[in-house]
Each structure stands twice: as C-alpha cells, then as structure tokens.
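Listed below are the structures to be examined.
Shared between the two complexes below is chain A, which has chain B as its partner in the first and chain C in the second.
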Partner chain A sequence: MDWISAIVQGTLLGGLYALFAAGLSLIFGVMRLVNIAHGDLIVLAAYMGLSTTVMLGIHPFVALLIVMPVMAGIGYVLQRGILNRTLGDDILPPLLVTFGLSVILQNALLEAYSADPQKMNAGVIETASVPVGGLTLGVLPLLTFGIAVAVIAGLQFIFYRTSLGRAFRATSDNSDIAQLMGLNKTHVFGMAMALALAVTAIAGILLGIRTSFDPSVGGARLIFGFEAVIIGGLGNLWGTLAGGVILGVAQTIGAKIDPGWQLLAGHIAFLVVLAIRPQGLFPRVSH
Partner chain B sequence: MPDPVLSLRSLDAHYGDFQALFGIDMDISEGEVVAIIGANGAGKTTLLRSIAGLLKNEAAQVTYQGGSIGALRADQVAHKGIALVPEGRQLFPSLSVEENLLIGAQTGRAGPWSLDKVYTLFPILKERKDQASTTLSGGQQQMVAIGRALMANPDLILFDEISLGLAPVIIKSIYDALPSIVGDGMTAMIVEQDISKAMSVSSRVYCLQEGRVSLTGATNTISRDDITRAYFGVEA
Partner chain C sequence: MSARIVRTSRSAQVAMVIAAFGLIVLAAAPWWAGRADLRLLGEIYLYLSLAMLWNLMAGYAGLVSVGQQAYVGFGGYLLFALTMFAGLHPIVAILAGGVLAGLLSVPVAVLIFRLKGAYFAIGTWVMAEVFRLSFAQASSLGGGSGSSLPVDVVKSLADSRSGREALSYWLALGAAVTVIVCVYLFLRSNRGLALTAIRDSEVAAAGLGINIWRTKLEVYVVTSAFTAIIGGLIFLQKLRISPDAAFSVNDWTAFVIFIVVIGGIGTLEGPIIGTILFFLLRETLADLGTVYLIVLGLVAIVIMLKAPKGVWGLIRSRFDLELFPLSYRVRTDAADKGR
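Then we have the complex of A and B:
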C-alpha cells in the first residue's frame, strides 16, 4: 500500500512539474527559444502572489486574478522589448540573454525580499485530505493535478482550435510566409510569451503554497521543467504532462527507498529516458 | 492611362554584398495581368519578395495605391492588399488544408473570396480539407497556396513560378483557373519560366536580365526574337 501511495503522490506531484514545464514547452515550440530564466520567472510569480496576498489580504487563488495578467503583461513586454532581438539563426544569443535575465531576477528578488524562505498561506486547504480507496490524498496535490490537466487541455485548445494557435503554429513553421499572411511575427511571439508566463503565474502560486521558497530556488524548477519536457517529447503538451508525472513518480519512489534519493532518482529517470529514447517518449509526429 | 496601382522607382535589392536588382522601374495599372520573365537568377523572385515586403527597400521605391510602401514589413504590406503565392508553395506543414486557407484570411480584408468560393474553384480541396497539407500532391498544394493568397482578398496578387515542378496536365488546369481568379478586376503579376504560358495569360510583359529590365511591352507586339535577345542577352 505504501508503494501505491508513493506512486499516486508522485503522479500528483507530476502535475506541478508539468505546470513548470508547460511554459517552457510552449515557448520552445513556437519560437525555438530556450528560456533559462523560466525557473526564476516562476519564483517571481510566487513572490508576486505573496505580496498580493499580504497587501490585499486575499487568498492565493484569488491573487491569481492579479498575478496572471501581470505576468502575461511582463511576458509580452519582455518578448517585444528584449527577447525578439535575440532570435535569429544563432541559438546562442537567447541562451546568454535569458541566463543574464535569470541572474538579474534572482538578485532583484534578493534585494526586495531577502534570502529568508517565505511561504504563502492558503488556509485549511493546505492540510485537508480526502480518503480515496484506502489512500489518503491531500486536497492541494489533487487540486494541483486537476489544474495541470485543465491548463494543458486549455493550451491544447488554444493551439489547435483558435486563430491565435493557428498563428503560433504557422509562425513556428515558417515565419517569413506567416508575415505574408499579415501576421506580425514580433506580436505573435509576444503573445506566446504572454501565454507562457500566464501559465508560469499558476505554477508559481501553486509552488508558493506547497513549499517555502527563496530567490535561489528557480534553478531547480527550471531543471524539473526541462526534464519533464524532454521525457515527454518536444512539442507535445500532453507528453509534457506525462513527463512531469514520470519525473514525480521517480522522485517519490526514490524518496521511499531512501529520503536522500528523491532528486537523484528523478534525474536518473530522466537520463534513462534520454539514453533510450533521446526524442522523448511522445515526440510530436514529424511532418 | 489611369494612375498605376503599383509603381517601382529605381528599385534595388541586395542579399548581403550581392546586389540582385539594379534600378528597376515599373508601372502596373489596375486590373492588368503582367508577366515577369527571365532566366534563372535574373531577379524575378527577388522582385516579388521586394514588393511583398520580405526584402526591405527605401519607402519611395515602391508606391502602391498612392502610398509609399517600400519600407513596410511584409505583414503591413499584406494588410494593404498585396498577396504573394510563393515559389515552391510554402504551405504550413503543421496546419491542415483548411487551416492553411483560413490563415490567408488573417488580414480580415473584405472582398469576394471566402472559403466556399475557394472550394468552388478547387473542389478537390474541400474533400481534403482536414488532411495535413503535406499529404497533398504538388498540384493540390499549389491550389492551396493560390487559395490561401486569394483568402486575403488582395487587390494585387503576385504569382511566383506557379507551374514549377508540376505535371503539364496540372499546369494546364491551374492556368485554366486563372481567368476566373483575375477576372474580378484583380491586378496580377506572374513570374513564370514557361514563356508561352506567361504570354498567353498576360497583356504586358517585363523581361529581366541580371537584375535589370531588358525588355518590356504589350504581349502581342513582342516577337520571339525580341524575347530571346532580352532573355539571354545575345543575338539570336
């Protein structure tokens, strides 16, 4: 029973990892940009949630109504103001610039909030649990997983059922020809980053409710996000969810064997997938 | 002669250090079908890409409907009503046939062309609408590329090598469809390797040679010998 419990807990944890990864996957899919600052943007969203809840005295989930649009706005401005200028045939400039952005974000957060670990207070929901078939599952992890599924489904809908998604896919296929259709590439990329950071806002708030955080934890979130994307296969959002779940389950099983093995087991699972199937488990069907 | 809808004045184009066009002057009137012919590398595709905004120019080098558009981006030019059917079709592989057509209407310009009208022109596309565009034959892909450009309801449509790599019977069916496309008063520029095809649908012709206009005139006044000279730059 303990093992089943570990697997179920890991699956639910995977939902959070999928939320870390969804924005990365989206940005890479649309504009081939690897955003090294993604983890720090998640932490930025967590701090924004913290400030909003403290100042306005509202529940973290209500704070999402403010943090999501603010993060989306930051994403749009960031993309059009800085990141669009780094995109081109050379893949190095975006890596260097987002790495620099990561350093700036960490230090700005350190100045503003100090290095003390902080946590958001979500009230009774943090400790509430429900019995499910002999297991006791936390309400928060269940909710997180449900939100992750909803977010992935929502992104999938946007990508394949709306004109915005059509613009994303067309620009990703061939940005010159997309321009001929009247699509302004810089605007389309701005919208993609806005959408990615709106998802990041959700991930950051859920992270900040689940665990304590400080300005330095972004790097590990980035790694988890990357691993989920690679395990799942590039460009496949449902694959990213599966990747997050595999990573989460590996970690909880590792922790079950020995608490010190939690992170190691996740990385090993990632390396095994990379060695056996470098393209990921569910890569987007190639055309 | 009415005011030209499109005027090029001393249009140059460069790819890095390489100059592809040298001081091109052209005037295209509304409703005209103009053929652009010339050997490989003469600058025909470069000319269309410059007009469509994929290559940057000085603002005043391209005038369209009375406004200077030379310095606009391709998406801004598209909103002005110029559509390009690019060489080699260049469909979006991630989009279905119908999505490829719908994205052509992204500019939201009003006009006679709609999804239904494109499907009436090319009925086969309706049967294939949910397929990936890459699963179509070359001729069907060319129909999608043309339909995609028409969906923008352009005033000026640029065709780049629409018969390239297609079987003769397909080329014939596409050229048979051309009159119903440009019949609505649409202005068209057609780049074509097949000179007789180009001459058969156009009223005027420009011949390019090494980035310069080497011959121009009404289609019915130009002889084969003139073209051969202008094409290759040698006495025939």
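Then we have the complex of A and C:
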C-alpha cells in the first residue's frame, strides 16, 4: 500500500512539474527558444505572490489575479525588448542572454528578499485531505494536478482552436511566410512569451504554497521542467504532462527507497529515457 | 609582383615576445608578490584555463555546456579521494583525476549528444546535478557537508607553508600555459582546421568529409579531462571541498561564460582579455556583493546584443591585430617593401 501511495503522490507531484514545463514547451514550440531563466521566473512569480498576499492580506489563489497579468506583461516586454533580438540561426545569443537574465533575477531577488526561505500561507487547504479508495490524498496536490490538466487543456485549446493559436502555429512553421500573410512576428512571439509567463505565474504560486523557496531554487525548477519536456517528447503538451508524472513518480519512489535518492532517481529516469528513446515517449514533431 | 601566404604577423611576433617576458616575471612572483596577491594570481590562472577550455568547446565546437562544473567538481573530489584512500601524491591524483574524467566523459557524451542546441546545454546541467548528488551520497568523503584535505597529504607537497603556496602557484601558472599552448597548437593543426570549419558552417564542414560527431566528441573529452585537472588544482588551493562548492553552477560555469562572452567568444584572445576584465571588475565591485553579479549579468547581455564578438571583436574590427597567428594572410612584395 505504501508503494501505491508513493506512486499516486508522485503522479500528483508530476502535475506541478508539468506546470513548470508547459511554459518552456510553449516558447520552444513557437520560437525555438530555450529560456534558461525559466526557473528563476517561476521563483519570481512565487515571490510576487508572497508580496501580494502579505501586502493585501489576500489568499494566494486570489493573488493569481494580480500575479498572472503582471507576469504576462513582463513576458511581453521581455520578449519584444530583449529576446526577439537574440533569435536567429545562432543558438548562442538566446542561450547566453537568458543565462545572464537568470543570474540577474537570482541576485535581484536575493537583494530584495534575502536568502531566507519563504513560504506562502494558503490556510486550511494546505493540510486538508480526502480519503480515496483506502489512500489519503492531500487536497492541495489533487488541486495542483487538476489545475495542471486544466492549464494544458487550455493551452491545447488556444493552440488549435483560436486565431492566436493559428498565429503561433503559422509563425512556428514558417515565420517569413507568416509575416507575408500579415502577422507581426515580434508581436506573436511577445504574446507567446506572455502566455508562457502567465502559466509560469500559476506554477510559481503553487510552488510557493507547496514548499518553502529561496532565490537559488530556480535552476532545479528549470531542470525538472526540462526533464518533463524531454521525457514526454518535444512539441506535445499532453506528453509533457505524462513526462512530469513519470518524473514525479520516479522521485517519490526514489525517496521511498532512500530519502537521499529522491532527486537522483528523477534524473536517472530522465537519462534512461534519453538512452532508450531520445525523441521522448510521445513526440509530435521531429527536429 | 609576387604574393606569399603567411600565417604570422608583426602583432603576433610582438605579442609572443611580450608574453615570453611576462611569463618570466610571473614565474618569479613567489619572490616579489605577497601571499594574498599570489593567491589572487593563482585564481586568475585557473579561471583563465577554464575560460580557454569552455571557449574551445562552445566557441569552436558549438557545444554550449552549462555543466562543466561536473568536471571541476569531479577533479576536485578525485584529488581528495585518491590522496586519502589510495595514498597517491596530490599531483599524481590530480592527473589521474583528469584521465578518469576523460574516460567518464565518453559515455556522458554519448547520452547528452542526443540533445540538440539549447537542450544540450540543459542536459549538461542535469549531468552536473547527477555528479553533485552522487558525491553528496559518498559518506566516506563527508557526504553533503564535505571534507578537508588531511594535514599529512598537504604536507606531502612541501614542508613549509610558503613552499606549498609557491608550488600551488606554479602549478596554476603551468596549467594555464599548458592549456593555452595546447588549445593554440590544436587549433593550428588539421583537426583545429576541421573544428574551425564546423564553427563556421556545420553543413559545409560535413560536405567536406569532416566527421562532425567524432570531432565534437574529441573536443568534449579533451576539455572535460583538462577541466577536471583544473578542478583538482582549484581544490588543492582551497584545501576543502563540499558538493555545493565543487559543483557550483555560478562559480564554475556562470563566471566562465561571462569571461568568454565579454572577452570575445570563438577567439583565442577573448578569454585572456575577458579574464583580465572580469578580475578588474571583481576587485573593484566585490564590496557590492550581489549588485556586482547583477552588473556582470547586464554587461554580458549588453555585449551579446550589441557586440556579440566581445571586447576583442571590437578591437579587431578597428585594428588588424592578431595575437595568436591562426588565420592565413596574403602578403605581397609591395607590402614587404612598405614596411
């Protein structure tokens, strides 16, 4: 029963990892950009949530109403102001610029909030649990997983059912022809980054409620998100959710064997997938 | 009028003479520099070596890794493990660490070379995390809290403290010179030519019959081995190691990347200039703490956007300078007479 419990907990944890990964997957899909600062942006969102809840005395979930649009705005400005200039055939500029951004964000957060671990208080929901078929599941992990499924379904809907999604797909397929058809590439990329950072805001708030965080934890979040994307297969959002679940389950099973093995087990699962199926488990596009 | 193709230039000859004199002065530093200056210089040489190696990998082979701290930490830990448990002399242990890192980097490369471009970068980071977590599990090496180099191992280097400091200084200087000379000779060789071709266009290079995967693998293995040796020397200076210090992405990758980007990526002069600028900036702004790192990040971003070839690129675009004679030039008799 302990093992089943570990697997179920890992599955729910995978929802959070899928949220880390969704933004990463989205911007890679639209503009082939890998954002090294992605994890630090998640942590930035968590700190924003913390400040909003403390200053306005509101619940973290209500704070999302403020943090999501602010993060989306930051994403749009960041993309049009800086990142659009780095896109091209050479992979170095985007990589190094987002790497610089990551160091700036980390140290700016350190300057503003110190290195002390912080946590958001979400009230009774943090400890509430429901019995499900002999297992006791936390309401918060269940809710996180539900939100992850909803976010991915929402992104899927935007991608395949709206004009914005059509613009994303067109620019991704061939940005020059999309320009000829009257799309403004820089604006489309800005919107993609805005959407990605709105998702990041949700991930950051859920992270901040679930565990304590400090300015240095961004790198690990980036890695978890990245592993979920690669395990699931590039360009497939539902695959990313599956990748997050596999990573989460590997981690909880690892922790069950030996607490020191939690992170290592996740990385090993990733390396095994890379070794036997480098294109990921459910790839949609090939590169 | 006849024309000849030459490789050397007046600026390279002058640079060579200045470098030779500079090297003699620096080698004598234990007699003219204070203890703190000696330490700082040693640190500069080791960062210069890391920057040279990363530049060879990222700037020439296109392998943009953010995970070379894996090998810095590996080399450091092997120094501790091989001296403490196998009773090796520290210098032998450091060299053995380099060889083992080279061997280990082959299976690592086979796995992460499956990732392309930017995903390769994050893949190297995952590898570094695997290394860090694995060494944190090794309780005989102090687990997560790390361990110090035993006194008798330290004493085996030299009896007096000043003797040890001088030796560790010369080792760092020797390592930097070795790395620079090796990278230079490698780039001048046929394989270096293949690598430069890959840097300029992978498709064209493949068309000329260059085995891209193999060339990249060779560069990855050699730089990883050297990086581990430098890591051993770094922790020979520090005398203490812990997983967080040994596998720090900030210390061993972020700084190194900034050095190379600011100096000029894909050139041999870039890392040298970058290292000098980095330490000038650090020594003047270090009191500011985190602000210093923010400034460093901003400088790197501005350089990448406005002058992607770095400070050396700016200098080269104004003056026809080349300190390391790598490119070929056409020299006519008329030009010779004009000199």
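Assume the second predicted complex is superposed on the first by the 284 of 287 C-alpha atoms of A that agree within 3 Å, B and C clash if a C-alpha of one lies under 4 Å from a C-alpha of the other, contacts with A are read in each partner's own complex, and residues count from 1 in each chain.
In this text, contacts are C-beta pairs under 8 Å (C-beta built on N, C-alpha and C of every residue); 3 or more make two chains touch, one makes a residue touch a chain.
Since the structure is predicted, the reported quantities are computational estimates derived from the model, not experimental observations.
A.B. asks: Is A:A167 touching anything from chain B or chain C once the two structures are fitted on A? First, second, both or neither.
C.D. replies: Touch partner of A:A167: chain B, not chain C.
A.B. asks: Looking at the overlay, what does A:E111 touch: chain B (first), chain C (second), both, or neither?
C.D. replies: second
A.B. asks: Is A:D176 in contact with chain B, with chain C, with both, or with neither (first, second, both, neither)?
C.D. replies: first
A.B. asks: In this superposition, which partner touches a larger number of chain A residues, chain B or chain C?
C.D. replies: Ranking chain B and chain C by residues of chain A touched puts C first.
A.B. asks: Return first, second, both or neither, reflecting whether A:A275 touches chain B, chain C, both chains, or no partner chain.
C.D. replies: second
A.B. asks: Between chain B (first) and chain C (second), which does A:V97 come into contact with in this model arrangement: first, second, both, or neither?
C.D. replies: Touch status of A:V97: second partner only.
A.B. asks: Touch test for A:F226: chain B only (first), chain C only (second), both, or neither?
C.D. replies: Only chain C is touched by A:F226; chain B is not.
A.B. asks: By the touch definition at the top of the document, which applies to A:D40: first (chain B), second (chain C), both, or neither?
C.D. replies: neither
A.B. asks: Can you pull the chain A residues that chain B and chain C both touch?
C.D. replies: 287
A.B. asks: Which of the residues in chain A come into contact with chain B in the complex?
C.D. replies: Result: residues 163, 166-167, 169-170, 172-174, 176-185, 287 of chain A touch chain B.
A.B. asks: Under the stated contact criterion, what part of chain C meets chain A in this complex?
C.D. replies: These residues of chain C touch chain A: 58, 62, 64, 66, 111-112, 114-119, 121-123, 125-126, 129-130, 133-134, 136-137, 249-250, 254, 257-258, 261, 265, 290-291, 293-294, 296-298, 300-301, 304-305, 308.
A.B. asks: Can you list the chain B residues touching chain A in their complex?
C.D. replies: Contacts found on chain B: 52-54, 73-76, 78-79, 83-84, 86, 90, 92-95, 99, 102-104, 106-107, 132, 134, 148, 152.
A.B. asks: Looking at the complex, which residues from chain A come into contact with chain C?
C.D. replies: On the chain A side, the touching residues are 33-34, 36, 82, 85-86, 91-97, 99-104, 106-108, 110-111, 219-220, 222-223, 226-227, 230, 260-261, 263-264, 267-268, 270-271, 274-275, 278, 287.
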